[in-house]
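Look for chain A in each of the two complexes below; its partner is chain B in the first and chain C in the second.
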Partner chain A sequence: MPNGVVGSPNGVVGSPDAYLRIDRVAKRFGRATVLDALSLDVAEGEFISLLGPSGCGKTTLLRILAGLLTADAGRVTLAGRELGRLPPHKRNVGVVFQNYALFPHLTVAENIGFGLRARRVPKPEAAARVARGLEMIRLTHLADRPVTQLSGGQQQRVAMARALAVNPALILLDEPLSALDRKLRETMQVELRTLLRALRMTAIFVTHDQEEALALSDRIAVMNAGRIEQLDAPRAIYDRPASPFVLDFVGLSTTLSGVVERVDGPMLEVVTALGPVRVRGQFVRGARVLLAVRPEKIGVGSGAGNVPGAGPRAGNTATIRVADRTFLGRSCLVHGVAAEGDRVVLETSNDMGERVVPGSDLLVSWRPEDTLLFPQVAG
Partner chain B sequence: MRRIGLALAWTMLTLSVVFLLAPLAVTIAVSLSPSPVFELPRDELSLIWYRQIGALDGLLPSVLLSLEVAAIATAVSLVLGTLAAIAVVRGRFPGREAITTFLVSPLMLPGLVLGIALLQYFRSLGLREALPTLLLAHVLVVLPYVMRTLTGGLSLFDFTLLDAARTLGLSWPRAVLQVMVPVLAPSFLTGGLFGFLSSVDNYPVSIFLTDVYHKTLPIQLLQYIGESPDPTIAAVSTLMIGLTVLVLILGERLVGLDRMAGV
Partner chain C sequence: MRRLRPAGVGLLSLPATIYFLLLFAVPLAVLLAESLHDRSGWTLAHYTRFFTTPYNWGVVGRTLRVAVLCTLFCTLLGYPAAFALARTRSLLQSALIAALLLPLSVSVIVKAFGWTVLLRGNGVVNQALQALGLTDAPLRLLFTEAGLLIGITNIFLPFMVLPLFAVVRQLDPRLTEAAATLGSTPLHGFLTVTLRLTLPGLIAGITLVFSLSIAAYVIPTLLIGDTYQTLPTLIATSFLYLQDPGKGSVAGVTLLVLSLATIIASAALSRRFTGRGR
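Take a look at the complex of A and B:
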């Protein structure tokens, strides 16, 4: 992947005192490379999301960290201890599985206490820790129920409490909220985050849901084809995606391909289907580039692109044919088509959205600073 | 129309139940009759035939032999059947279906055919001892039951549970013992129980492999009927019915009959 852009993909050299260090870990299944010399440093107490489409290697990485899979190459160190080929039960790494994997023949309390019994924690202490775990997830009243009688959200909480009861050095969460309905998922997101913060627990959270990753994480590692495409804070991932892949995977955007027409100091003028677009960046004249704008950065009318203090020609404007509107609740998405079929999407207020008529032409504008610029990938 | 259909269904059900239960009722009744021939009791009941059981020659050894063979065959089948079921359910190799069918096939084969085939096979191997041949044959009788219930149970078993147990601090063998075995308990119990009963009950396979000193219970009972047809046999049968009911009650208490029948 050509890289003239920000971001720190693979081969990150982190601080020497990283709590969890994943160093050039590789894994192949047959001829398929699932993890391609992936490196990642995680600080103590940090909440990191591994975000990517299915098959990007995020679950494989999680299983390697848990010891359920062996890496072909690379090293993993946790709190100064090399994990190497340690079996799962000697790692002190907790896992919350996607389907929770609660033991159906045991009660809620027995599930939470399972790890304590496995570690031969003395009974009185184990009982106290199970009681604390039940309190933490507010299910004390269901302690003696079989887990099979619980609702999805309750089962999820029991799975969390079970993994946390043994006080693991690291907790791995494999899409733990994906089986819940949307409303419950949002509640559980907050609960999970608060809980892990309170315990100062280092967590690695695997998800393919970008909103979940943006909402929960200290940092997000966007993964693609066994590599980390970008590792950054949620805001940076969204505002300054390092590659078209990250741009496409996280959030909506309007993308336009074009050719650099004029280089004017730090500014470029790119010819696109929407006409000339001004953008900040460094490319030579004639270079093929990809432009992108987030929907909320595009405004209706010519005023939205104006930069205070700059000349009237500073902003980017374009006329689009309105194709459709999507009412989102808090705001409204307007979908438009440019001359050559490029799709434009912008987010606007509900009032403005109501006034836009599908089929009519609409003048829109945005600031050059809000235009994202990528090299055009050949092919 | 609907009511006629319903009435018909209920009649069929009643007749079926009566048809199935009548022999049991008759056997129990005959065992309690004082008459020396097979006859339903008229005006008085008697336990005389139960007292006669003790006088039967060779009954106890045959009961012990049957129990011994059934217990060993069931234990061996549980181990082999579980391993085979794991391989068939979890493995990715060609011919898995064929192996399942093959291992269950003794159930579909007439016992007589199996008995003759095994007799010839064991003879050609030079194996003439009654006990080992009986044991091997009964493993074949029990294995299909275990295999069937365990492939069913295992295909519903979530192997992530083992991963979970391992991350919680159990080594792989301990995870299997503390998670997989209890979760699959109904399958083990059902397969083992039906296998055990079919082994105790087996006549057509055993008849070819027994000798004068090793007679299993069904063979011994049939011999008694040939020698002296009196209701002592009915008394023995009644005891066996009682034992079976007891086992079923235990099964209901431990796992529930619906769960046992479900797998």
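Take a look at the complex of A and C:
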């Protein structure tokens, strides 16, 4: 991970020589605060995803970076240059729009060459760069086609090549794959990542699709209500979500509320609807907490919770009533209900999933280390 | 649906074709014949007489001048107005479109008469100008070219705004943003993207306004009178008062040629600009 910069939510400035620095940028529309003094440092060549639900401010931030919108407060510096109120055409920041925004009156080659013509790049050089762009997206044979005759995936590639042709200092991608069907989207994800990595391009990628963000990013900034909830590598976002919001937004999980019953060194025992649950953490006795377990961490039978060498009492076990099964292809999700109505979801092999009968009781277990712990927020 | 054979298509358009032949093409042919004919037989004498009279050249010049200026003012006022109209929210937009369309349901004669009232020395226009302190004494507007242009621009403006509105509404605002992020200055972006993509609407608007204003008869008659003759008023005077069908028919053919040239040129232009992409 570049620079090891891990921003805590809002306001904390990382390394002093960040390539792109977003410093306490704020934006309000009327009475609604869309960006709340948001700060983010990005290293050169890094691929950062802004992940969040619609209305979290991610697109607003992107438009501010592109110069299409003016921030109310805060500073943005890119490669040592303050962007301030610089108009978009003087920023050298490329944008791939959600609907691609290709010029319908131009051919594929003319679209890719548009920025070069706008910047008065000499014709022979522009032609060479357009040819290279076409090669990069493997559409040389369609150079003279009107863009309106291309398929969605081809249009997406033209939009990428058009933004990259002017060699921008930063590329902003506004949900560029959301208009494609699932299969094509997965292919394009790999293609896009490979392309940007080969060019060592610094990229900011806006998405509400957590799988896309997990698959593509060096780091993910999970956004909520105009703030960054967590900025971390994909693995850390998934394994160690910083807040219940991140936990809920990224991936599935079983959540249980409970009260700390016993403090035993680094281990806590929490009373929940599933019975006592052992978890690593620091809370005082009587504290109200939220527990969560990822579905793939829960196993069928009592053995899955065992920690080697810690004895049979170390794991967490519970009995649930199976409510339903969802066949995912590679694996199977089992949905269960605990005694007091809490819902439990676990991921298991297809063979195991076949054997689980809805309506029957099932003994499940998981390790204390795999239990996530959050303070219970009132209300 | 089964495709019609060419013969079938011909049959379907037969009633309209007959209607046009009888009521439009035949009178036109008569007009054309009249311009090439006098008591002694076929002749070009009417044309020679018409085009060797300097006054008539003045009439042609004034006709073109009014049409060109009216089209220019309509373009300058209508282009931004079409953008404003296309980018406003639904309720206000409906109200504005209604405001634009309602005058079309009023006869041109009524509107031209309305302008004679507004443009009078003590009319609303002069009262407003004086109230704003722009002039001290009432301006002479009625029976001047300025008054004519004010009125004719107002009356034909919807014909510019409506075709433009139709294309501007289809225009994705993100295209201009995309151009800007690619390094286009606002002017370059406007010329290569916005103007280029709205050109079909602009050409349609210019063609409509130009061919309407070049053929306007009632508006110049009421707003400026006989001292400022244009081809349409000259045609009327020739036939109705001077009893000179030769002169009238030559003026008619001249007007027809000018209008046709405009329409053919604009059709060719818009085909060139809509041929690709959309």
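Everything below uses one rule, namely that the second predicted complex is superposed on the first by the 372 of 379 C-alpha atoms of A that agree within 3 Å, B and C clash if a C-alpha of one lies under 4 Å from a C-alpha of the other, contacts with A are read in each partner's own complex, and residues count from 1 in each chain.
Convention: a contact is a pair of C-beta atoms (placed from the backbone, for glycine too) under 8 Å apart; a residue touches a chain by one contact, two chains touch by 3 or more.
Bear in mind that the values here come from a model prediction, so they are computed numbers and not experimental data.
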Superposed partners chain B and chain C on chain A - clash or fit: clash
Most chain A residues touched (candidates chain B, chain C): C
First (chain B), second (chain C), both or neither touched by A:V147: second
Partner chain in contact with A:H208 - chain B first, chain C second, else both or neither: neither
Chain B versus chain C as contact partner of A:R325, first or second or both or neither: neither
Residues of chain A contacting chain B in one complex and chain C in the other: 66-68, 87-89, 91, 93-95, 97, 99, 101-105, 114-115, 118-119, 162-163, 166
Touch list for chain C against partner chain A, complex: 172, 174-175, 177-186, 188-189, 192-193, 196-197, 276-278
Chain C-facing residues of chain A, complex: 66-68, 87-89, 91-95, 97, 99, 101-107, 114-115, 117-119, 146-148, 162-163, 166
Complex contact set, residues of chain B against chain A: 158, 160-161, 163-172, 174, 178-179, 182-183, 185
Touching residues on chain A, where the partner in the complex is chain B: 66-68, 87-89, 91, 93-95, 97, 99, 101-105, 114-115, 118-119, 162-163, 166
